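Please find the structures below.
Two complexes come next, and they have one chain in common, chain A, joined by chain B in the first and chain C in the second.
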Partner chain A sequence: MTTTATPDAPPKVALRHRLAERGVDTLLLLALPASVFMAVLFFYPAAYGVYLSFHPLPGGGGFFGNYQAFFTQPYMRDSILNTFRIALPAALINVVFAVPVSLVMRRRIHGQKALNTLLVVPITLGTVLVAQGLLIYLGPRGWLNRTLTALGIISNPIQLVHNNLGVVIALIVTGFPFAFMLTASYLSGINPNLEAAAGTLGASSWRRFTNVTFPLLAPGLAITFCLTFVLAFSVFPSAQLLGNASGGAHVLAIAAANAAFQDYNYPMASTISVITAVIELIVVALVLGLRSRLYSGSTSNAGKA
Partner chain B sequence: MSESFSQLRLEAVTRRYAGGGESPALSELTLAINQGEFVALLGPSGCGKTTALNCVAGLVPLTSGAIYMDDKRVDTLPTEKRRFGMVFQNYALFPHLTVRRNVGFGPKMRKEPKDEIERQVSAALKLVRLSEYADRFPRELSGGQQQRVAIARAVAMEPSVVLMDEPLSNLDSKLRHEMRGELQELHRRLGLTTLYVTHDQEEALSLADRMVVLRNGRMQQVGPPEELFDHPVNSFVADFLGYRNLLPAQVTVVGDGLLQLTGQGFALSSRTSGEFAPGGDVTVAIRPDDIVVGGVGDTAIDAVIEAVAYLGKQFEAEVEVNGGVRLHLRTDERLELGQRVTLGVDPRRVMVYPGSAPADDESPELASQS
Partner chain C sequence: MAGILTDVPQSAKTSREKVTIRSVGGWLIWALVVFFFINVFAVIAAVLVQSFGSTWFDSWFPTGWTTRYYGYAWNNFQLPNILLVTLEVALTVTVVALLIGAPTAYVLARRDFPGKRILNLCFLLPIMVPTITYGIPLATLLYQVHLGGTVGGVILANLVPTVPFVILVLTPFIEQIDPNIETAARSCGAKTHQVLLQILAPLIVPGLLASALLVLVQTVGLFEMSYLVSGPGSQTLVVALYYAVFASGIRPAQAISAMAVMYMLTTLILLVVALRFVSPTQMVAQVPDPQRK
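Showing the complex of A and B:
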């Protein structure tokens, strides 16, 4: 860490300054409790999970036994696809809808605060409450189906819950506020004069968006997508309550929970968790890789303010 | 070339902001700008000059009034249909596009053919001497270069009118001087009709064919720079154009085109024309460089030097007159702190306005105006 100063260096330089020259700051010590916390409660369990996944239960095969089992059982393999079928649309819809909504909310409109609150409130509800609410509201005998039947729009209740659609709807309700808040904050970082300038140069409002706002917003949207995707990909309570768990179409988190708590196969559960994490990392890496090819500098102005 | 027209007319253009109180940001501005003319809107911050520019650009809708290009009404057109080039205070260059594509943005939006865009871009870049920077990004340029790109971008679309919103205020003083010269040169070469917003009176004086002084959203005076400089219509315009000494006084004698005035510890005469009656309260406005050390004619004001600053060529001094009034003056003469001097002013350079100025001579707000 600290090496002694060379003999010809000025002798009276305080240790603190010499450390600061090397980028070491005593304030860093403040990060110590958080680092210990992360090490004990995250890195150790995660590492232990990885270790477990390579040590199948007796009769479960060798080092890669669990992974072999995972990829040879259609039930397991299909859970990857099914998780994508839920997480991808949910994340995409969240991001795609967050853009126009934050564009509208950027303008000063009547009742903006009330609307803002309305959009953000679902975060505070918690996934179980949202799932339970949707179950009642969207169920075969819920208000929606009864209203539509009464109005003569449908004759048989539409199946909105106990399938992937239900899970996607729940993920939109809980994930949209995140996507919206992130997008709105990225958008507020874009100098509105840029759009005004594009306007004076002859760009219609659509072309202002496609030529100026969207390219500047895209790196932020990539991050927003990553976050909402990861949230959706590891979905558990919504999938348990609203999904079709018994029918075979289940997500990775449910497969892991079943392995752990029904089959008491902790190593298999760990394996599924590791696979989930690896897939998430691959998707995030792909998106960030694409993002690095976009412009990602200052969006407030060309150079200094 | 750009669309030809003979006059851009603002008719009683008014803009009121929601929640902006009862006084509008811009109140009934009526102004006609001829083709090729350089008009400067001048005033302190909050006077409505930027609002006026944004109204013309279409970035802000009018509350009432109208804007015409000859007989064509333009204030009802969206910004993108007006074809007015605009240069923003913070340049507003697109950070994700190269200089070439920034400058080519206007022609591209008009769906010009590729080689035509290329021609316009290189002509505009040549004009601002940035041809070799075409492939740089805005963040790789200095402030002055960014400003020139912003000008090239506004000019490349061959606009009928160029709008400039304090384009030089983000530059340091040396660069500002250089750019002022370049703007003058550009205007001379291209003959572009220009509406220029600034709070810097020197900038307005040196660039504009005509100046418009605004205050609290209302036009105070319009005319060629010399006219405003020599004959401000009221004490606000006088104050804004460098008449730093605004003193309350009373008229004592009226006659023969000469006005005799007295104030706290001083007596002056003025050649101001206008209706003044003996005993009336007035405000006297005098430029610091019009005060002559040693006295002029029969004007002799005794004063003591309270503060001196050497400006390189001249001295700037603050003096206290016997009655307690403070005056600012500029002179070539060497002045010492505490020195007693006799001061005078040419009666032709003493402006007189009805009503009395507030005691605080630093404040640009005048009681007579409210």
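Showing the complex of A and C:
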């Protein structure tokens, strides 16, 4: 280390210079407060949660006791399936509708800001308010059932709240604007000349979409799906308020909250949180894995864009 | 380009057919969007109408109108205290998140150092992972150190998703400021703290303002963290609203709606102010742009 340094120069300085050459100097200390904060309040609790999940309460079994308990209790096991039953349709509907809507909206740029402003309203109002409004609006005597009855579409009010359907609707109200805005921003990053070029070569609008726009949009769409799905998968307040009247919709987040705040079984609550996170990670990994395959395959069809 | 397009060997008839098909599809999409908005605004209107109704049972509209449930809600839900807590939490979170987020954003925007990618990922993770997933272990810990149920605990919990958010919003903003300005200040003999406080700080004021407003709107609306950590006396408005809806039947439905309207007004006023300085797309958590990689 000191081979190049002159004998009277202390090695300390040499090290400092060497570090500074690689971008490490005292200025990096500016990042310290936020890093320490995240370490203490995000990574440590996360690690603590994992640790806790392997240490059941007395009488809860051994190292894997909580996990065994989770997967042997039918109620708990079913909550995974039920969460998928809510999150998957919600996320798919949000993303599938976000694509045509953002494609249509792209052509009319002058109304874009007003539209985005309107779309941000349900997101800003948040899940609790949307759930409260939906309880009134979708209830058996609410405006929707009333309108459908008046139009003669239905004869008896349909049950839209206090079941999984209500939760899915709530997830669409707050999730669709989110999915649309992400998709629209990804779409705006695609050079429209590419599509125009395909058009001059005689590609129909459908072919332009399938062979040019969609492959370029796919990576963004995969991320949009992941974020929407993960949000829907950990649905909490709307599931509690709009789900089954007896104890909310049967989803993982509610199972975790109940374990923590009703049974005071924090190790079990952490176990359910860990299981939720692992399932989310698996889905995200699957989608992103699929994305890389989908993307490279389609690009070769479209030629070097 | 129009010239090129007319040269494409296609009869006028087929292209006109395509236009109609496309426009029919376009109108269908528009109808869907309008349908979506009608429903969203009916949801909001339902809350509004109920809050002003004296009795609303089996009819299109309430049989009479009154404002007395606002007074009822104000007194019965301890709204003055709840509003105070909400304000305290939202403002403290905003200030602290900016104070510790902005310096980090500067480092991430200007410096290239070993481990930078990992650090970036560490700040991205809390935004990607839903709050409830890590919120329960975090709440457990906060209760163990006796911060659970206090306003301080609620503030700390709300900072976890907001600090990374500030970093994410500010980093690209600082990146676009010409680094030569800082170099020039340095060559004129400015010390590091002078460069940061007298040169850079004034330049990033718009970015700071934008992220402050985004954090403010987010914190008022963020439910999960406050719900998991708050106790009696440290509830924010959205948590109090949740408990009111959850225990509906105890108090008149109109009072719950009146509280919901007050919450709605708070967030919408903040939203209107925020939208003067930020674009609506920024309200949605920013994600890494695939085109930028």
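Methods note: the second predicted complex is superposed on the first by the 255 of 305 C-alpha atoms of A that agree within 3 Å, B and C clash if a C-alpha of one lies under 4 Å from a C-alpha of the other, contacts with A are read in each partner's own complex, and residues count from 1 in each chain.
The working rule: a contact is a pair of C-beta atoms (placed from the backbone, for glycine too) under 8 Å apart; a residue touches a chain by one contact, two chains touch by 3 or more.
Just so it is clear, the model here is predicted, and its values are computed rather than measured.
A.B. asks: Which partner does A:Phe71 reach: the first (chain B), the second (chain C), both, or neither?
C.D. replies: Touch partners of A:Phe71: none, neither chain B nor chain C.
A.B. asks: Which of the two partners, first being chain B and second being chain C, lies in contact with A:Pro215: first, second, both, or neither?
C.D. replies: Touch status of A:Pro215: first partner only.
A.B. asks: Of chain B and chain C, which one contacts the greater number of residues in chain A?
C.D. replies: C
A.B. asks: Check the residue A:Tyr264 against both partner chains and state whether it touches chain B (first), chain C (second), both, or neither.
C.D. replies: neither
A.B. asks: Quick one: classify A:Phe63 as touching chain B (first), chain C (second), both or neither.
C.D. replies: Neither partner.
A.B. asks: Counting only touches as set out at the top, which of chain B and chain C does A:Arg207 meet: first, second, both, neither?
C.D. replies: It touches chain B, and chain C stays clear.
A.B. asks: Once the shared chain is lined up, is A:Gly199 touching chain B (first), chain C (second), both, or neither of them?
C.D. replies: A:Gly199 contacts both chain B and chain C.
A.B. asks: Find the residues of chain A that appear in the contact set with chain B and again in the contact set with chain C.
C.D. replies: Residues 196, 199-200, 202, 204 of chain A touch both chain B and chain C.
A.B. asks: Can you tell me which positions in chain C touch chain A when the two form their complex?
C.D. replies: 1, 4-5, 8-10, 18, 22, 25-26, 29-30, 32-33, 36-37, 39-40, 42-44, 46-47, 50, 57-58, 60, 99-101, 103-104, 106-108, 111-114, 119, 122-123, 125-126, 128-134, 136-141, 156-157, 159-160, 163-164, 167, 192, 217, 221-224, 227-228, 238, 241-242, 245-246, 253, 256-257, 260, 263-264, 267-268, 270-271, 275, 279-281, 283-285, 287-291
A.B. asks: Which positions of chain A touch chain B when the two form their complex?
C.D. replies: It comes out as residues 191, 193-194, 196-204, 207, 211-212, 215-216, 295, 297-299, 301-305.
A.B. asks: Contact residues on chain A for chain C in the complex?
C.D. replies: Those residues of chain A that touch chain C are 22-24, 27-28, 30-31, 33-35, 37-38, 41-46, 48-49, 52, 97, 100-101, 104, 113, 116-137, 141-144, 146, 173, 176-178, 181-182, 184-186, 189, 196, 199-200, 202, 204-205, 219-220, 223, 227, 230-231, 233-234, 236-237, 240-241, 253, 256-257, 260, 266, 269-270, 273, 276-277, 280.
A.B. asks: Mind listing the chain B positions that touch chain A in their complex?
C.D. replies: Chain B reaches chain A through residues 57-59, 78-86, 88, 90-96, 105-106, 109-110, 137-139, 141, 143, 146, 153-154, 157, 163.
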